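Look at the two complexes coming up: subunit A is in both, with subunit B in one and subunit C in the other.
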Partner chain A sequence: MSAFVHRIATSMLVVLALLPLLAVAGCWNSREIDKLAIVTAMAIDRTDSGDFELAFQVVMPGGQSHAGGSGTEMPFTVYGIKSHTLFEGIRKASKQVPRQLFFSHVQVVVLGEKLAKAGIREVFDFFERSHEVRLTSMLLVARGAAPDKLISTLVPLERLQASAVLGEGQLSSKLWSEATVVEIDDVVRKLINPGVEPTISGLKLIGKDKAAIEKQSLEQSRPPYHLEVSDIAMFKEGKLAGWFEGNAARGLLFVLNRIRSSIMNLSCGGMPDGVALEIIKSKTKNEVSIKDGQLRVHVVVNTEGNIGEVKCGFPLDNLDALRGLEREWEDAVKSDIQLAVRKAQQKSTDVFGFGMMVQRSQPRLWKGMESRWDKIFANAEVNVTFHGIIRRTGMRGKSLMEERDSKGGSS
Partner chain B sequence: MKANTENIGPLHLFAWIVLFELGSAVVIPIGLDAKQGAWIVILLGCGVGILLMSAVYGSLYRMYPDLPLSEYAIRIAGKGPGWAIGFAYLLYFLYIAGRNTRDFGDLLAAASYDATPIFAINVCIVVAVGYVLRLGIEVFGRTAFMFFVFTGGIFMLILVLVLFSDMADAHRMLPVLPDGWQPIWKALYPTNITFPFGELIVMAMFFPHLNKQWKPVRLGIWAMLLSAVLLCIAVFVNISVLGIEIVERTTFPLFTSLSRLRLAEFVQRMDAIVLLLLIITSFFKIGTFMLAAALIARDLFRTDNYKTLVYPVGLVVIFSSILMAGSLTEHLQEGLKVVPYYLHLPFQFAIPIALLLIGWIRRRGGSASS
Partner chain C sequence: MRTITERYDRKKKRDASVSERRTSGSSRLDTDLEANLERIKNELGTSPDFVVRRFTLRIKGELQVAAIYIDSVSDKDLVNNFVIRSLMSPSLPEPPAGIDTAEAAFRYVCDNALAVGQIEAVADWATMTLEVLMGKTALLVDGWDECICCHTIGGDKRAVSEASTQVVIRGPKDSFSESISTNIGLVRRRIRTPDFAFESIKIGSITQTTVVMMYIKTIAKQSIIDEVRRRLCRIDTDAILESGYIEEFIEDNWLSPFPTMYNTERPDVVAANLIEGRIAIIVDGTPFALVVPTVLAQFFTAPEDYYQRYDIGTFIRLLRYVAFVIALFGPAAYIALTTFHQEMLPTPLLINLSGSREGVPFPALVEAFLMEVSFEILREAGIRMPRAVGQAVSIVGALVLGEAAVQAGIVSPIMVIVVSITAIANFSIPSYNLAITARLLRFLFMLAAGFLGFYGVILGMIMLVAHVNSLRSFGVAFLSPLVPVRPKQWKDFFVRLPHWTIRTRPGNVTDQTEKMPAGQGPHINSDGSGSSGNGGGQS
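Moving on, here comes the complex of A and B:
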């Protein structure tokens, strides 16, 4: 009997001991999703007095449900604030935002041009130190417009401006290769390492920028503005030193081995830009050597391409003609690369990381050169070797133009 | 003392030592003062540890195969001094258990439990450890084996992630010795010859429990080699994913690396598995030191059962883990500037070597006189 009572008492005690679990389960500082404001993009600029000017793009909770269609709600809203430190700004924003800003899903960080010119180093400590922000957000430099304006821009096709920009950046680096997706930790590494300087793609607002924040703009089939990820900013000692544009940007990406696909126009029977060549594969290897304090770089580009379009009667079935085209391609790539190299050398900022290569292969030698590396880089001799093969010419052999040209010739 | 009825098998001891070695070491920056040479520091540290293990701890074990450290200290140094040495080791093990608990709490708080008081975190781990310890050495050994298999799986997963993700760049491991050999020696002495491999002195408390047909020292050396390899893998992962520029400033490198890695857009944010690794390995490290402390306390104070001693030991560990330092910086500073010189070097090197020498002289004297 007493054993029975004992057992009852014990099980009662166990239940009693387990009861508090119901109350204490979960996280200490659990935050429910309906109490959070999810930040998808962040803009950082500098005021004239040297403070930060921050803007946060926050997802509207209901704004995502009807995908694509123009609902009654805005897809996102933007809060702006001025502060001395980033963290201060984020917390101070609670005066305006009814929910706690949540930074784990920041996709895009746009730095203002003013900030870029004054120096971007001090921005990154917070990103590294915080455990909430991911180091994988895409980094951009606003070109022309203020960064808070850029993240406030309404865009078609994607509900969120941040996803649109991320998509543009990723696609254009994949298909066009004049911009690259640069993530925060990549820049941090390059800011620290003295043998390489960071490069960050630019973000531009083209067209009527007043309309960019108005919902009516999206009700037109052709909004009077668009956002563009293009140009690549180069930095020197953390400060914006210049921009690579167009061919120079492509040349830079060739050296950095970041070309995935691109279209290059070559001439065709006297017509400039008459052939469109699609680069389908590209790999670059750089060899650095130092002789008598002079840096020599050998850039070896191995690439493959397809003919995508011809605008004249080019004999694509003629191997010699194709070889000629390959030679022209070689010249075009070489001139792109040399253009990029000259641009970087003018500002003596080693965006290619040649210094890092010396550091890796000849650490002792590097020690002696580190302090005057920018001069050594500016006087470097860069040679390019190009191996390009045109693999295929698409679904047609002869061009329709060639048919007509040859008929015209015979008559 | 014929109380060694509890026996552990060879695989259990092997798994136990590996997890013990990985405890804290796999997640905190180790050897990174030598930058890309960190893996050399780990291998050299392991070499010193193996030397210590085979020449000193091993010789002591061969002298007294049935006795734990605290008992043969009394045999060798005499009753009074031997008891004092045992008591000093008791305090040492308690303190190191507390330090590891603190490391654990601080890392978890920094990485994800930012608002949870570390007291709550530390109570959780020590209660869990205490629960297993109360079940005895055998259970602890078996648990170690189970989690060893699990840890192996985690390492495989990390390796797969690194090899198949384009985030990692092996070139970042170069140059191997960016500043020559000088930083290697600096990182090695005294920090990395004592941590984590020198801490195996604690195993001298458990060697007598191994099934007699196995040689614990040889097992220990294999386990040390394996853990050195695993630590090197962690270093390779960290440096190739983050680059030395970021790694040398992180407080929790492996966590940061894994939060960077992603595979095919959907396997991402795998940093939680590093927390798992931290919890498992810290569990065994804290548990080993607490168990050793309980065993010494049983021998010194002549109680029958070390299992009840787990309660006071656990309380001491919890409270010392909170009170030993005000801030993380103070805690780390002590770990670098005070602990290696005033605790690790004497307890891992000086006292065991002295015991060995005295033991030899006594044995020789004894055999000569008899």
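Moving on, here comes the complex of A and C:
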């Protein structure tokens, strides 16, 4: 009998324990996929009156060729809205969008140049606070065009502009190294830290920008425009201070240890860009020291490369010639780095994070210098030590040119 | 065979009371042959297969004798040639002098005249009736109140054929049939030890079904044997038609969806389990034997695991665990991902999904239920349909219906994939009764996922694990050797190591774990010649 009572009591307890579940239930937070508007890219800019101007790139489910749709639909559509705060804008957009905007899959966030110049700090609080967005989205600064225009651009090959830009960014940082994929949390971390300033890659629309939102342009074999991830924006106290371009951008990435692979052209005989050298491995170490209030930075670059192309009869089997090439390479890298350093010092914005290194190695000293850091950085002395080794010369030994040259010589 | 007497007595008492109600006679046979025949004809006489053969025996003058049997359940050859003919033959040895009473004649027939292996003298009326109904032949002798029951049980039975539910590529192909003596023979042929013990018991007041429990005396745990016997004796019902009846009467937890008894129609599986120390219960009239005590891991093993090489066995066994998880959580994960946790999907997959779900009018939960229920109906139809129509059903159901449903936009193509994968995963669970459990629980998990997403699935999983952990099968923890943790028994658990490494029997079912000496592995001597290298390990 007591066992029976015990059993009833136990089952009552279980029911009691499950009761609060009912309160959380009722399909809490349930949303069907077909009630969602998946946002893949987001543009943020500032109006002249100081408000935000937002744009969302929303996937059109039927416009994805592989997903059973006809493929003739537009792959995405863009909604724009003005608001005082980001969160307000996101919610206010529901007036225009028939489905709930879903931000967990935002791949690319493009900041307008106007916003960048006015200051980007205020944008990131929302990104950190909200659970709806993710911090691993790629961040870009629009260069030249309005950001909402950039995310409205139709692109070939990829259905979505966001995935195209993400692909360009990832690939160029892997193969070309003049721009890198910068995620939101990278920037936030650098904004918080006093000894370093963030850098963000730029996004450009090159060509006829009026055609970029028209479907017909994709029906041409050569669209009259293209999107390009290039240049690196530097910020000072959250405001856009300038751009690293070309070699300067590469110099910056050398110091930041973000070079993965790149091509450097070296001279060959009389030809200024006669040899193409592929960097296959690169590692940079920075050492900072303070002497008499003067910052000294020692940048040590260790890198390996392959010869990828020779336009003249350069004797690749000659070790001394290769040594000479390595020396030339050293000069090229050094000049890139110095270019980048000079650019940053002009604006006195410490994009390399030298301040952070000082802070870590000599925290006491840093405290005294923190307020004067801009000046100290601007007057810093940067030395570069370069160790470069040419490993391989490709599948061919002698150059075609070399053979002809030698033949020509003998005849 | 040892008879369980206390139970048998009780049964006899009840049977006696029943028969007393039916016929107004005493429980003993009459001395008068005519009276006995009259009475048995009253009881059984109308059935066409009931035979009464009267003849006279030329000993002690003219002795009236009657053989009664039911020819549909007895071996006619045996009855005609070895009972009746041997009694009627003129070459019957001349009885020694001194046969003058009916009793002496009866004893003489018992001892000399019958060419049948197993006979017994029965005086009780109800017992005699029962024996006759089982197929024995009762010899009634005029003037004496006992009869001789000769073992002539026979009748039509299915031949030993290939197992239909547990098919193997490599391994013995025979399987149990409906005849209990055949089944015992199949097991006995594999285990030739005098320690092989049987206990027989008749259950079912109307069916009087023979139930035999088998074990190996020196290996099986006495406490478990006693427990099985106790539970079997407690069953008091009118009919046992299949081992499933027994299972429900003696299982530990009737509320659990999990089976706590293993059933098999393969004698090699029964033999292997007996040798591990388990107890098998064979029921007359069904090819499915029960094996107790059972742990969950047993339902994931197939006999082939032990016949193929160990690495293949291990791989396939792990695959089955994966299949079980898919069968249980497949649709639930789909529902949870598409209605709650879209951020967990990779972006291209989400976009893909959103494209394929575009235009589907139902929420994912309803869609999944629709598909799962129609698949279950299809499956049931496929099993019950006559074989000729079965194929048409599966074509119409699976191909036409599935394709048309997607075309009509009622379900998304992804859902069809999920349902198919779940179904295939379910089929790959080797034990049908665990597969049904997964089928059942799947719906609960789908509901949990539909209401609470993965939170609900995890809640359900916690409850499931707690429940499975609380299960016992005849005192053995259902999750052992995982819980309680016994790493020593893990050699044949998730993986199967080579036979020579598994030197002990599972300690959760038996105390006699010593199985083989060490050093049985295939060793190569240093001189390069192979040898079975058991030199060092002999003890």
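Here is the rule we go by: the second predicted complex is superposed on the first by the 378 of 411 C-alpha atoms of A that agree within 3 Å, B and C clash if a C-alpha of one lies under 4 Å from a C-alpha of the other, contacts with A are read in each partner's own complex, and residues count from 1 in each chain.
By definition in this document, contacts are C-beta pairs under 8 Å (C-beta built on N, C-alpha and C of every residue); 3 or more make two chains touch, one makes a residue touch a chain.
As the structure is a prediction and not an experimental result, all values here were calculated from the model.
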Touched partner set for A:61, first subunit B, second subunit C, both or neither: second
Contacts of A:2 with subunit B and subunit C, given as first, second, both or neither: neither
Touching partner for A:107 - first (subunit B), second (subunit C), both, neither: second
Which of subunit B and subunit C A:185 touches, first, second, both or neither: first
Contacts of A:36 with subunit B and subunit C, given as first, second, both or neither: second
Touched partner set for A:359, first subunit B, second subunit C, both or neither: first
Partner chain in contact with A:134 - subunit B first, subunit C second, else both or neither: both
Shared subunit A surface residues [contacts with subunit B and with subunit C]: 27-29, 134
Subunit A partner contacts - residues on subunit B that touch it in the complex: 110-117, 120, 171, 174-175, 177-179, 242-243, 245-246, 249, 256, 259-260, 262
Contact footprint of subunit B on subunit A as seen in their complex: 27-29, 128, 131, 134-136, 185, 188-189, 192-193, 359-361, 363
Complex contacts: residues of subunit C adjacent to subunit A: 338-340, 342-343, 347-348, 350-360, 363-364, 413, 450-453, 459
Touch list for subunit A against partner subunit C, complex: 21, 24-34, 36, 38, 40, 59, 61-62, 64, 66-69, 102, 104-105, 107, 134, 160, 163
